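Here it is: the structure, laid out below.
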Amino acid sequence: MKKKLRVGIFAATGTVGQRLIQLLANHPWFEVTAVAASDNSAGKKYAQATRWMLETSMPESVASLTVQSCTPDVDCDIAISSLPSSVAESVEVELAKSGMPVISNASSHRMKPDVPLLIPEINPDHLDALSIQRQRIPGKGFIVTNPNCTSIGLVFPLAALHRKFGLDAVSVVTMQAISGAGYPGVASLDILDNVLPAIDSGGEDHKVETEPLKLLGQWKNNAFIDAPIRMSAQTHRVHVRDGHLEAVSVKLSQKASRDEVEAAIRDFRSPIDELELPSAPRPAILVERDIQRPQPRIDRDRGNGMAVVVGPVQPCAVLDYKFRLCSHNTIRGAAGAAILNAELLYKKGMLG
Amino acid sequence: MKKKLRVGIFAATGTVGQRLIQLLANHPWFEVTAVAASDNSAGKKYAQATRWMLETSMPESVASLTVQSCTPDVDCDIAISSLPSSVAESVEVELAKSGMPVISNASSHRMKPDVPLLIPEINPDHLDALSIQRQRIPGKGFIVTNPNCTSIGLVFPLAALHRKFGLDAVSVVTMQAISGAGYPGVASLDILDNVLPAIDSGGEDHKVETEPLKLLGQWKNNAFIDAPIRMSAQTHRVHVRDGHLEAVSVKLSQKASRDEVEAAIRDFRSPIDELELPSAPRPAILVERDIQRPQPRIDRDRGNGMAVVVGPVQPCAVLDYKFRLCSHNTIRGAAGAAILNAELLYKKGMLG
Amino acid sequence: MKKKLRVGIFAATGTVGQRLIQLLANHPWFEVTAVAASDNSAGKKYAQATRWMLETSMPESVASLTVQSCTPDVDCDIAISSLPSSVAESVEVELAKSGMPVISNASSHRMKPDVPLLIPEINPDHLDALSIQRQRIPGKGFIVTNPNCTSIGLVFPLAALHRKFGLDAVSVVTMQAISGAGYPGVASLDILDNVLPAIDSGGEDHKVETEPLKLLGQWKNNAFIDAPIRMSAQTHRVHVRDGHLEAVSVKLSQKASRDEVEAAIRDFRSPIDELELPSAPRPAILVERDIQRPQPRIDRDRGNGMAVVVGPVQPCAVLDYKFRLCSHNTIRGAAGAAILNAELLYKKGMLG
Amino acid sequence: MKKKLRVGIFAATGTVGQRLIQLLANHPWFEVTAVAASDNSAGKKYAQATRWMLETSMPESVASLTVQSCTPDVDCDIAISSLPSSVAESVEVELAKSGMPVISNASSHRMKPDVPLLIPEINPDHLDALSIQRQRIPGKGFIVTNPNCTSIGLVFPLAALHRKFGLDAVSVVTMQAISGAGYPGVASLDILDNVLPAIDSGGEDHKVETEPLKLLGQWKNNAFIDAPIRMSAQTHRVHVRDGHLEAVSVKLSQKASRDEVEAAIRDFRSPIDELELPSAPRPAILVERDIQRPQPRIDRDRGNGMAVVVGPVQPCAVLDYKFRLCSHNTIRGAAGAAILNAELLYKKGMLG
């Protein structure tokens, strides 16, 4: 049996950090051997430093780790980071320059011209950008990012449709879970009996309008070329713990019937299916026939929280078709996404 | 001092019935003198028959009324009805044929070719349809309806834009309060930690896609002509007591700048402003500058629950502009709407 | 490999019925082969008849079963019933008289003088009452019940203390989850931003004040003798999906230090530990040191939802000591309780 | 018309500060002319510095005030303070020593031997302690406090019973609203689908066990003498915006029937009734007959949020009687309490 790779979790005490630790317990290839967090937590045992929020128990092997500061001195084979973007910007580059592969959930580097914004099922070829990134960050280290929690779910049915029919325009309105804001995050006085529009004062809308274009675009001639799709997003925080719901309308480049559109989504297959990555859901998209689905509480955990659940496709009088989707924001949309990225890199022999 | 008109509330024990009774307490022109409900409740005192849900106390004069059956025998000058549509279809016609003006919140007659679907600030001239309705319902009785709770809020900014620039297309995604489903309505096991898509299995989407076309259309040559706007709606129930939030995108017929669009909404004035109807909010639309508004909990009660609160207008990469709106679903969207209709009819001398 | 016993679930479409089916999927000894429910559902496939509420998928083998009426014609080896008490009263007796062992979660027979109110870890010897019950219900059939969802959790620490020190008096205030009221159960308009006192208009208080006395009492000379403990309960419904929280104060018969009291609870061992019943949690009681625990969301699923989690013991200035406990109301408090009862009966060779 | 007293609100931007400003709008005797808060806010306009949480609009006269630092330089006739206790300890003494009457909602000085812990309806004679306080704080300034939000509601029925029958012991379990924790206060991730025991890690329990003894005690021979009542409290935070619910059991010194006990509570009259203070509810206690009342959402706003609503009295098998009560925690329990204290002082001529 091969030795497991030693993973350091950066921002280990946060909501995504906790999910990473939960999901990596008993992982066949990876093992959490180091935890790093802000200076407030550094020096404490992980169990003391963390307000554990998950229903399953904190893994004992991690509970007893001492939290370290977020520096290249953390001893591990790969770093998985969910650092706040203010910190991630510089720390992740430092880590990479020190020779560390950095799998990041932070937003800081996602849109950089030499950083793959990666979803293994969607754009594994974007890893080719690392050859250019190496000019900036020589050595064995590098940075690979996953998208925003809302962009990820959205991009699955869009990829299915874009491949098959081409996409002209996408309009999306989101109803997002509170866990997406981290901890303490959303104040209960704000969200009880309420909906909060324009997450991050519109910053979230911007991510959802731009990240899918890179994800669905191409790496060509050493540069990313955005997919030429008009995107419009309105984001909202709703009173749900986990699971982002999105109401989507699309305009296709080619005519297609409702059944063809639904079939294209249902039959979406991923280029990585044959790789048998441990965290990859099979299939990646589940299509529900009931118009009253998907629902966050019922559908967020499907495929171990890694499947994207799409409702029935309906004609739209303004664009062409409309549908809803739901995905688990801290699993498929964050921790699980990063782990799946690490798995792809591992399988491709890019992790040490 | 003129004697007040005697109002009979039909479906008086329900959530909208309760709001009607609350809002009519101390009304300058109207007085609730009769309450009617299903046969389960008939014969009981209103206080016994009703699970009162509102924060203000049940008006004592109504508490002691005996609930009657929903027949033309109820003695009053006007009927305000929030009957379930299954019952409203026939009962409201019976009432009208017996000579009673019926102000209805039910959906049964809204789209009938001779029934005004009325919002006083938007289409008071649609009352002209009563001249045709009289052929079907001779005598002093008639039926006037108000729109669905979601359509009402939506139609305010749409009216402002349609008048000024023309509207080609409207896409709306709603986040609606649980009180819209009546009592007991939404089960707590369904909505806690959840969002429920496709209210009424899509029936709500249909109302929101059709009612605004009648409201923004014309009464011409003895017929309603729908406004030629493409409408697309996706509705959702969220964990909020009162106040529907709607995320809207619009395509205009004429080019207009963001500022012009926002000004058109802000400066919306109603043809009934000079009538000084007691329940009419002034102004009818409030525009907020903060992108994180409107919020149901904070904005639903503005203008005594009768104002429609609209957030900032933003460019939309798919259609032309997008914005959010919020309105109180059981006041502006139901009970208050019906009362305002009654007030308009009263002022025009059409109530006895 | 021994053939599994065929289980019929009575009231299979309800919230407890669903939990029974979920928990019996892959059970080593039992297999759900029949589902029965009200006449509305009879004749439909289980998947069609049921609004499935649980996060895990409906087991496929059950989904395709045809729902039957609740009569002795249902073909199975044992019946597990969560029938509403109005129906359970007669139906369960009919089933038993037809030769069927009936494991019931209903309240109808709990307090009968010849019916065991059974918690395997607490009072397995109460099964001796079946020898008397046989006079009333001859043959192989019989009725064994489990307690109310609130009584079950409460009785664990009480049993630990009563054995060791004797109990004079117990005062308990409960904060109970909405799933305890079944589906549709609690209206969201009632519970959003609210607490509902006096569940079942005080009926729940009564159960919590009486069932523990039978559970902690004795079967002696062919009769149950209640434990002589003064009990006072005030029950409340709170806005929580699953997991009842209870704040308890106790007066002991003998003096004991805080540490002795906490140790007695922590060291509670069950007479059935050596039986290795598949659903028995080990240990049955978990004691938390953090004064801010237990919490329903974090602690309800511990021990697969079968453990009772008790917080730190503190001195009480009015009685002697106070503490809180939490247990999962539809697992430990209902479906899991019934299954554990079935397992005990199976192990003792009392099921065919 | 007499000139209004100029009130300075200390900690004006917080949840209690906002309530103070809301409740003082249009007050007949007082006018908010200064607002003070932490140094973060100082120098900004109140409207800019404050995340206004209330349904009614921010009063315009206050919106434009510049926030000042919390020092004696704030120019006003009286200070009403809801400062955090860490700051209140020294700042309130400074203010008082500078000659300012300080009406405080903070906990810092409540239990001081020369500081009145005042509820006008309960213990107005405790103001006599100011004659001793003057030795420590010479001049016109002084400090008067109101109790913790949970103690206040509790003490009303206790006072009624203590006067009439004497109280031996009181056991209380609370279910408290999130607004009691201030803003941002309780994280939504903590409270959604949950209950949080032991508020302030037990600090709240301690306040509820001690403050009522001072409130129900006597000022005699220049010292406070606690009422000799054994008190036990277990506190919890529940998912409710406003309104604390408390489940109480009491042991009386004298025997009394259930009806006598309920009558004593219902007939409670306050020594200040004849003073006609503007914020005093009349009556101060409302007794409900329905065992499923009081409920926070329905009962918190009664008497303009100043009434304490008590449910039916029931026999308790452990102590003598039990009942529930509900009161609005930021009105009766904080802002309204402080204002009523100010009104009593004003009426007695003690404010300048």
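Each chain gets a letter, A, B, C and D, in the order it is written, and its residues are counted from 1.
In this section, a contact is a pair of C-beta atoms (placed from the backbone, for glycine too) under 8 Å apart; a residue touches a chain by one contact, two chains touch by 3 or more.
All of these numbers come straight from a predicted model, not from anything done at the bench.
Engineer: Can you tell me which chain lies farthest from chain B, using the average of the Cα atoms as each chain's centre?
Structural biologist: With centres defined by C-alpha atoms, farthest from chain B sits C.
Engineer: Applying the document's contact definition, name the chain pair with more C-beta pairs in contact, A-D or A-C.
Structural biologist: When A-C is set beside A-D, the one with more contacts is A-D.
Engineer: When the C-alpha atoms of chain A and chain C are each averaged to a single point, how far apart are the two points in Å?
Structural biologist: 41
Engineer: Express in whole angstrom the distance between the two chain centres, defined as the mean CA positions of chain A and chain D.
Structural biologist: 47
Engineer: Where in chain B do residues touch at least two different other chains?
Structural biologist: In chain B, residues 53, 192-193, 239, 241, 297-298 touch at least two other chains, as defined above.
Engineer: Can you list the chain A residues touching chain D in their complex?
Structural biologist: Residue list for chain A touching chain D: 15, 53, 178-179, 183-193, 239, 241.
Engineer: Spell out the residues on chain C that touch chain D in their complex, using ranges where they run on.
Structural biologist: That would be residues 169-171, 173, 175, 192-198, 201-202, 209, 230-232, 234, 236, 238-241, 245, 247, 249, 251, 291-298, 311, 316-319, 322, 324 of chain C.
Engineer: Within the complex, which stretch of chain D touches chain B?
Structural biologist: That would be residues 53, 55, 192-193, 297-298, 301 of chain D.
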